[in-house]
Amino acid sequence: MTALTKSRRAKGSKLQRGEGLAGWLFTSPMLLILGLFLLIPVLMALWVSFSDWSGRGSPLSGSVNFVGLDNYRDVTSGGGLDERNFGISMRNNAWYVVLVVPIQTALSLFLALLVNRSVLRGRGVFRTAFYFPSVTSSVAITVLWLFLFSTSGVINKILSWIGVNGPNWFNDPRGVVHVLLDKIGISGGPEALTSSSFLGISLWEWSSGPSIAMFALILMAIFTTSGTFMLLFLAALQNVGAELDEAGMLDGAGAWRRFWSITLPQLRPTVFTVVTLGLIGTWQVFDQIYTGTQGAPGKTTLTPAFLSYQTAFTGQKWGHGSAIAFILFVIIILLTLFQRWALRERPVPKRKRLRRLKSRTEEGSGA
Amino acid sequence: MSQPTKKSEPVKIHPALTTRGGSRSATPLGQLLLYALLVSLAVIYVFPFLVQIATSFKTDAEAASDPISLVPQIWTTQAYEHLFLRSDFPLWFLNSAVVTLLVTLGRVLFVSMAGYALARLRFRGRGLVFALVVAVMAVPGVVLLIPKFLVLKQLGIYDSYAGMVLPLLVDAAGVFIMKNFFESIPASVEEQARIDGAGTFRTFWSIVLPMARPALITITILSFQGSWNELSHFIVSTQSPELTTLTKGVAQLASGQLSQGTQYPLKLASAAIMTIPVAVLFFIFQRHIMNTSEGAIKG
Amino acid sequence: MLGVFTTEVFATELFTTVLELFKGEGHMRVNKIRSLVKISAVLGAGALVLTACGGSGFDDDEDDNDSAQGTNGGEEGELTSSDEALEILIGSSGEAETTAVEDAVAAWSADSGIDAAVSVANDLPQQLSQGFAAGTPPDLFYLAPESLAGYAENGSLQPYGDELENKDDFYDTLVENFTYDDEFYCAPKDFSTLALVINDDIWQEAGLTEEDYPQTWEDLTEVSKTLTSDDHVGLAFGAEFERVGVFMAQAGGGLMADDQPEADSAENVQALEYVQSHLEDGTFAYAADIGAGWGGEALGKEQAAMVIEGNWITGGMENDFPDVNYSVVELPTGPGGEGTLQFTNCWGLAADSSNQQAAAELAQYLTSAEQQLIFSDAFGPMPSIESAADEWTDNNPELAAFLAGADYAQFIPTLVGSVDVIGDFNAQLESLASGDPEAILQSVQSNLEAIAE
């Protein structure tokens, strides 16, 4: 906001009056569209989430009643299917976030380090290869994924070469964690987990991990976003100085340590960004579910975003759907704020780093 | 993208920390390993797309029995014939093209106007407008699915091109990019023009916009890609089959709402065609995109 | 996805700004908050103005709408009438069905002089819901019985069943299926039942003859075992109540009995345990688990020797697997006797339609014996009227088992919210192999009780 306060010029009042009008004229299309299609919709949906509107006629008509927190209560503590569906969708998405965010961050950083070396031959080709999945639409990628991970598809074929009998990916509702536990002989949950529940599903069900179907979608998310975030890291790497031996990881232990103690701290702001973006994006999984699984198998790919859509548009429970959307909204905001707070408050050992952070903050406010 | 890495002051790096290019110290074996790793990773990233194209020329039976080979035993364009001659696919493509074109044109204009005003023009309430832009960006897209439908209905533009295009005409991120860009270039040229008596809009049109070419390219790419790949907005803004876009049509094709059986060649062909325009855009502006990170940051 | 990413990058920027806002970077804070409040207020006022203007997209008040049409609609049972063309929305199984319906509607149009256009929905439930909510639904449309209650309750549908001249000709169970609150809402357009569909070649290779068609669960167990090999399973079906439910019916159970939830009955437990035991020993399998999209595909690709499917399988086999020979026989009886499920759709009529009279006439035309026999010939299902039964059986002797099922078929519960309950049941059925039948059925029971109140 420094630009605002810092007066660059004082050209006389006439010119400024003209500017005032022009300013509003120039921003009016934007204001109109953002107001109409973002702000008003949000207010309207907020109303619907507190109303008993049944999907016919206007939600603002007189026959629609204010029902207080009923919709929110049904979804979070009603004890019925609404709560259970919401709980299941939260479980699914939480596992998705927990796996996608760290892996995509690590992988994109790794890719960036690999292709950042200035002497690397053909690095443009490699960058292009890694980035290409990011330009395609989520619909096209999902279609491709459904084929790759079909029962007799490419992935299972490859697995069979190494003697692994691949799972029936998109039709397998078993949770990955439970499958692994089963392998070591634990097939039922302990009483403590099965008897207590949160959001309508037992803690044992919470612990199931992503289903194998969801796991395929997790791999897809990592595949499509790692290229994008690689670009972010590349930009950051170029900014922290090409002289740094950023890609020396393969050179031995010394380089490894240098990476941890020098390169990574310099990249800290970018890591923050990537993790934040990851969190925002991974809580909004919709396209893949709509295109691919529609929540199946066994509701294990149901996400809050898709559930909100489905509840409203096909289930005709508009209040519930809107309530889910707002809960999701709050979750995303809180998580992001929490994550930024958590990462910011950590003690910063080096003076230089502190200075960097500080300079960032100043820019942030200046932007 | 500008914020995390933009630097107003250069970061000083202690001389001891700088090395002389890691690769010089790398052993030939290390080099070999590095390339092996890179090549195998690249294969993982590219192979799926090759499979997609190859499978689209296979028969249904071959797609199921031999999913992995990149050369179909029997070449067939059955899938493409079906898409173009016996389905609504051409219509979907046309709808996507029309919407994308309109959105891209509109967005480039509106977003650069707003960005310019926020960066350069002094007017009462500028802070307020900026705060609005910031505020709406906090709202995650999926939260808007239900409400956007409600408002489109209320305005009477539900299930029309207007309803599909208008809400996409401005995106707050684009305004940010343009605002940052205009702040990064010197104001002297345009100020001269304005003192010489040119009106604000003429200055903007004939002096400012031409200077903003790099940022406009970025906006064009983002708008094109964003609207071409958009799905959820079209789901909630239309119901007629005549207004189905590629994303919506292919998504419904994929989730089996239009067909029985697996029909992978058909689905993969539709996905492949859908990828072509963005892929072409990507390769045309490859240099620009790959440097977007740098370009946008440096401004 | 560059777009996504940049948007999100700037979302980050936003959070920085918001954070600063709350951290209080000096003087900026108060002003910014004030700004935000002001914006919200202005736009909130905008929303109110919008409301006040009435919004052209809505019919705020149904009665207004009806009186605007010059006729009385809704509750009175009288149908609206105007010169407007009809819009018909169908969910088609393929080109055969689309063409057949289009031809029939065109013939009616030529006859009646009222224009009517048929569209095929890509996603029927979604398009219907959006149409109702937007106040612009199609006039006449395919409607599934499980959607009836919900739409009837919020006033989206116009009941017209009692106006039909052929209303007594419909099978009673079908009329019951489309009756809500004692009102017969819409004309059943046709129906299907489930039967056992057998791949003849596999059957004969295994040394079995027509004599061996399974009559009881024990027989089914026996032949499934004989037919199971490395290449295929004995019996395959979808992992859903809409298939597994036949075993519940045969055990003497079912989800509802006398309009009361009965999901956790001993009969149902017995049925699921029977299915479970054979999923475990590998003689039964869910279609998806053997890589097939549905039973017909499993049968056609010889992944299963027998499948449980309905009349629609004839069209599917003709299109996708014309060379596969198959036979349709009645499902075996279980401990509770005969049992199958029936499926039907009706021609729903929108309350917001401006030409209900014509739409109801069209529905009557489309459900006439003559039309239904043409439809049946084109894409499979059986006529919903008894007067067409004999001719249908004469035309399709090899499919007689489907029609035989009509005598004892159960239907899917149609309570408001039953779609969700069955959806949840289906989700649990997918992991039946490792699940606890009793626990699954108990959860279904409590869900049903919740909506039956």
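The letters A, B and C name the chains in turn, as written, and every chain counts its residues from 1.
The rule is short, and it goes like this: a residue touches a chain if its C-beta (ideal position, glycine included) is under 8 Å from a C-beta of that chain, and two chains touch if they have at least 3 such contacts.
Predicted model, so just to flag it, every value in this text is computed and none were measured.
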item	value
Most central chain, judged by mean C-alpha position against the global CA mean	A
Farthest-lying chain, centroid of Cα atoms versus that of chain A	C
Distance from chain C to chain B - Cα centre to Cα centre, in angstrom	37
Separation of chain A from chain C, taking each centre as the mean of its C-alpha atoms, in whole Å	33
Between chain A and chain B, centroid-to-centroid distance (C-alpha), Å	17
Residues of chain C touching at least two other chains	1-2, 4, 9, 11-13, 15-18, 39, 50-51, 55, 58, 126, 130, 133, 135
Residue list for chain A, restricted to those that touch at least two other chains	1, 35, 39-40, 44, 58, 60, 135-136, 138, 150, 152, 231-232, 273, 280, 313, 318, 364, 367
In chain B, residues with contacts to at least two other chains	1-4, 64, 127, 132, 135, 138, 149, 153-155, 172, 225, 229, 235-236, 262, 289, 292
Complex interface listing, chain B residues touching chain C	1-4, 64, 86, 127-128, 131-132, 134-135, 137-138, 149, 152-159, 171-173, 176-177, 221-223, 225-226, 229, 235-236, 239-241, 244, 248-249, 252, 256-262, 289, 292
Chain B to chain A touching residues, read off their complex	1-9, 11-13, 17-19, 21-26, 30, 33-34, 37-38, 41-42, 45-46, 48-49, 51-52, 55, 63-65, 67-68, 110-111, 113-114, 116-119, 121-127, 129, 132-133, 135-136, 138-151, 153-155, 166-167, 169-170, 172, 175, 180, 183, 187, 191, 194-195, 199-201, 204, 225, 228-229, 231-232, 235-236, 246-247, 250-251, 254-255, 262, 264, 267-268, 270-272, 274-275, 278-279, 281-282, 286, 289-290, 292-294, 297
Touch list for chain A against partner chain C, complex	1, 35, 39-40, 43-44, 54-58, 60-61, 80-81, 84-85, 134-136, 138, 150-152, 168, 171, 173-174, 224-225, 228-229, 231-232, 273, 276-277, 280-281, 296-299, 313-316, 318, 336-337, 340, 361, 364-365, 367
In the complex with chain B, residue positions of chain C that touch it	1-4, 6-7, 9-18, 31-32, 35-36, 38-39, 50-51, 55-58, 93-95, 119-123, 126-127, 130-131, 133-136, 293-294, 296-297, 301, 316, 319-320
Chain A contact footprint on chain C (complex, rising order)	1-2, 4-5, 8-9, 11-13, 15-20, 25, 28, 39-40, 43-44, 46-47, 50-51, 55, 58-62, 125-126, 129-130, 132-133, 135, 150-151, 153-156, 239, 286, 288-291, 417, 419-421, 423-424, 427-428, 430-431, 434, 447, 450
